[in-house]
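Both of the next two complexes hold subunit A, though its partner changes from subunit B to subunit C.
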Partner chain A sequence: MRSDIAGKISGRAASSAKYRMIMVCLVILLIGIFFLSLTVGRYSIPFFDSIAILLARVFPIEPAWTQTMEAVIFNLRLPRTIAAVLIGGGLALSGAAYQSMFKNPLVSPDLLGVSSGACIGASLAILYSMGPVIIQIWAFIGGIIAVSITVAVPRLMHNSSTLMLVLSGVIVGGLMSSIMGVIKYTADADTALAEMVYWAMGSLADVKMIDLYYIAPCILAAGFVLLLFRYRLNVLSLGEEEAKTLGVDVRNVRRIIIVCATLLTASAVCLAGTIGWVGLVIPHLGRMLVGPDNRKLLPAAVILGAVFMVMIDITARCLTSAELPLSIITGLIGAPFYFYLLIRQRASIT
Partner chain B sequence: MKLEVRDLGFHYPKQERMIFSDVSFGIDKGEVISILGTNGAGKSTLLNCMANLYRPIRGEILIDGRNLRDMRSKEVAKYIGYVPQVHNPAYAYSVLDFVVMGRTPYIGMFQTPKEGDYSAAEEALRCIGITHLIDKPYTEISGGERQMVTIARVLAQQPDVILLDEPTAHLDYGNQIRMTRLVRKLADSGYAVILTTHMPDHVIMLQDKVGILDHDGRFTFGKAEDILSDSLLSNLYSVDLKLVYIDEAKRDTCVPFAY
Partner chain C sequence: MKKPLILLVSLVLMLAVSAAGCIDVGQPASNRTITDMTGAEVVIPAEIHTVVNLWPASNSVMLCMGAGDKLVGTTAFTKKLFWSQKVYPGIVDVPVATDNVEELLTLSPDLIITPQQKTAETLRAAGLPAICLMFSDYDTMKQAFTILGQAFGGEYIEKAAKWSDLVDQNTARVQAAVGSIPEDKKPVVYYIQGQSNQGLYATFSANSIMEDWTEVSGGIFASTLLNLSGTTASAEDVLALNPDVVIIGGPAQHELYEELMAAEEWKGINAVKNGRVYTNPNGLFPWERFGMESALQILFAASVIHPDLFQVDMVSEVQDFYKEFVGIELTKEEAQNMIKGYGPKGEDYT
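Moving on, here comes the complex of A and B:
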């Protein structure tokens, strides 16, 4: 009986119906763009052939396509498209989690220094020609160190304002880029330097299925844990002290969330270098679509991020004959888009 | 339920001077304790200790004989609800979503609020009489409304003790009086309420107990009518103050005497 009244006095039912509609549209969009990504490029493959080639692995379908088509899809396009989905979804999710946890809509994996920290860790591992697993571990360690410093600075200053955390991120970012400079300077100009610079700019061109076997489980596991904490993130976004008086074990929950969000960012960095803007812009776009409630925002941000990243990757390989680095395109699209978001939200950012 | 504060003392890390020491008092259901004190006397600090946000240096806080120090935040939150002074929202949650967060101590780590939690939140909004705000974004309501919504959240939390940090500080005069009435109503409906305030008049209107924290960190506690006096208030605020009986209101009021 109570729930009859409940439905009437609030618009909750209507808003969750709207959310379901938006999610259905986003999922359809993601599926569409996923297959589009398999078809376009220097070697174009008809849209329905690409679907059939995938389905042929599961169902007995008579092949009406060439061996080359199949090779292009399985060896090149499928791994990079899956990587784009994982990176986009992961970065958007980690950005949304950081923004809620720090009660600060202006932070992102790049602004907190996580990306550059992870980049340093991974570069060091590349410099010493380590294997993929070690590279990933070092990327994670670099990311964790960077975010720990960023979080420690406002604490030392006894200043928990939005601005202080952003400034601290700027400090750490500056420090990290200098360290990165030292690493590049000492790297062998003929081999390691070129590889490092190219990798750090971000590209999915060289992603192979084997890379995904190492990294996809990390991204999926960390993402899953963050999604489990989606309601706790709402409470944390009220601020540390309020969350504590509401019974949240703030210290430990924050630790878990920082570890997972950093793992997501570090994994993305391992796959394709530092890709900026996704973790900042996509959560904002998500909030415009489904509101700030993390129960809705996190799933929406994952899918939006994935769609965005696949689109960026398609653009990267179609725009020019030599592939453009991803971070250049995300910046070209992300920065003006963020400016537009700021104009729209100027009332709510103080 | 009974909350007991015994010989509480606190200073900030790296500071020698105690903000307050030897603070002792008890509160039962249905009672209101107002804490008076000058700016910087440590009223909010005392409240933060009771909210388990700060760890007292000396003494202890007991809920039904159990030490607050030994309880997890989740358990504490079922006994003690806290209404902070100002809330600067970062995200535009709807009022209902904001109030339902009061249910957090009853929701498992990985769970989300259930239908029953929403009913409790709606009941709390109804109790305060602000159901019309239910779908409004929390960022777009007035400061007074925000305070009411935060109180609704604390009701949804169903604690035994409600702590309010200067609940009247940012309110216009009418809302201050309404807030004072609401505090009395909350106590009458069975909550133990502790609030900090700068207004001796509000203490008198609440007709219950008062704790006075002076600059030296001493705490004087008792029934407002027994304790409040011209000399005590004048000393506390270092201005000449007088309690004058108003016939029409049937109570004392505190007026500045010479200025």
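Moving on, here comes the complex of A and C:
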């Protein structure tokens, strides 16, 4: 597959001025939804009070609200919203990068098995009754290990084509699922198993500020590097031979992209459990808006992913009194939405 | 070519037939039938000497009745409780049992107890004497303990009857003190489930034994107000209720207590402001769940929910209970440790 197919699927590329306008609108949308997330929730805080609480951090205002309200906004809603922004942006970014690198718009960040590996790490931690912090650490390590195995297989086969990588991802993913089955079987059905299943479905309910202090730098650094590689991703999508003649070190660039995307996804999963569809659908939406040029697509995907994830989180915690797991909502919204996008595009897909 | 083939086929058939013979399980010396909690009629031996118990709560009941020496298969949770080790030191040598049919056939116990109907049916189909003893509130517990008493026979029948009477007596005692409180004066009680540290919003559903003892003790159960059918509550919903009393149960209670008192968003809540956050006694089983000590839970709950209306010497109640049912003498210190949620020598679970 070549980039012209990607171009056909997503329509014309956006011109510079149009792109700038789109980005400005998206950023404003993100800021708006960020503040909406802080003011909305099942603990009802009057709108003007919530604005005042936020402003009070900067300006000296006499507190006319309860301490609980302030704590709800800063200790419950703020960490979740920041996490949603980081996770949504990170997953969308790695999804877009993988889709470009593998020249396949059906690829998601879980391609190389990072989510399955992280699931295993977390489930093992739950099986051994570890606390929330250890669960996160093991999830992260599990994801990294899974991808390391996936990446090692092509090297053993002396075939480092993308097809080999994808096949390796499928194999490792299958292996991880089987191991997951063994872990679930050994788990005590009343406590550990339920915890594992709930963890795997994704939730931002337990995110605290301190988690963000550790994970945000990882996400920001990996995302930043990935964004720096936008142009090289474009060149990569021309094909290996062409890329080499244009001076791009294909193997190293691929390695760096895999490392960054894995770090992004592993961080997202260890914070919030597995969340599907974001990395698959958002890049597609981005391509519809700004075209397949990665220099424009990747930043757009980040903001779109962030906006999407914050909306999902608001839905998850406000809809019913029991929190809905994130991956259920992303699935229920993402799959039909993807269908809708494909219908809109059906004229352009050959 | 035909002759070797015929030979091979007949060899395979002979093996198959003889292997089928191996599955023939010698029927237990079937002398009586009992009806389990699902209404199934199960044939069991006249005398029960060996029991495999697959449910932690039921294991604690057996230990509490003084029937621990019958156990040949138990659960990991039961083994790790300090009180299990005190009441029946031999518990550390009892292997952890699974519902693996072949393993159970090898063990060949006189009785298998499981909380799941499906497991019981599968095991019965393999010729094993399995009963389903699911219980979830005081009434079903009385039924289940009666069945267990009947199965063991002798003094156990009386113990089960005495337990049922104790529950009724304690309920009457408590209701006499708090039964006439008007609905709007009843405090809101929020319960945190701490079998493992799953955060401050792991609770129990509305129709549960926790609701039972809360309401008997003159309180309003938070999950009832929230119409909660699952076991995780939304943080903001709980805070919006502004609970007057918080009760934290399970082995992880002390960790969760520290977490709650340190959380910013709880500082303004009634329970924290008025110092009404309590840890629940934890003996052979967390009192607030489905062990036999739940008879004492009624007294404990009333004494913390309405300390001004109902006072009780919890230490002597515990000592009497253990003398009567378990058959061991507890010192004052040991009883106090249990009430505070520690092991007999003050050991902490976390």
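Methods note: the second predicted complex is superposed on the first by the 265 of 350 C-alpha atoms of A that agree within 3 Å, B and C clash if a C-alpha of one lies under 4 Å from a C-alpha of the other, contacts with A are read in each partner's own complex, and residues count from 1 in each chain.
As a convention for this text, a contact is a pair of C-beta atoms (placed from the backbone, for glycine too) under 8 Å apart; a residue touches a chain by one contact, two chains touch by 3 or more.
Just so it is clear, the structure is predicted and the values come from calculations on it, not from any experiment.
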item: Partner chain in contact with A:Arg232 - subunit B first, subunit C second, else both or neither; value: first
item: Partner chain in contact with A:Thr245 - subunit B first, subunit C second, else both or neither; value: first
item: Touching partner for A:Gly291 - first (subunit B), second (subunit C), both, neither; value: first
item: Partner chain(s) touched by A:Gly41 [first = subunit B, second = subunit C, both, neither]; value: second
item: Partner chain in contact with A:Lys103 - subunit B first, subunit C second, else both or neither; value: first
item: Touched partner set for A:Ala71, first subunit B, second subunit C, both or neither; value: second
item: Doubly contacted subunit A residues - partners subunit C and subunit B; value: none
item: Contact footprint of subunit C on subunit A as seen in their complex; value: 41-44, 66-68, 71-72, 74-76, 129, 131-132, 188-192, 194-195, 198, 205-206, 317, 321-323
item: Parts of subunit C lying in touch with subunit A, wherever the complex brings them together; value: 56, 75-77, 115-116, 195-199, 201, 226-237, 239-240, 242, 263-269
item: Contact footprint of subunit B on subunit A as seen in their complex; value: 2-3, 5-6, 9-12, 15, 100, 103-105, 162, 228-232, 234-235, 237-239, 241-242, 244-250, 253, 287, 291-293, 295, 348, 350
item: Contacting residues of subunit B [partner subunit A, same complex]; value: 48, 51-53, 72-78, 80-82, 84, 87-94, 96-97, 101-102, 104-105, 107, 109-113, 115, 118-119, 122, 131, 134-135, 139, 157
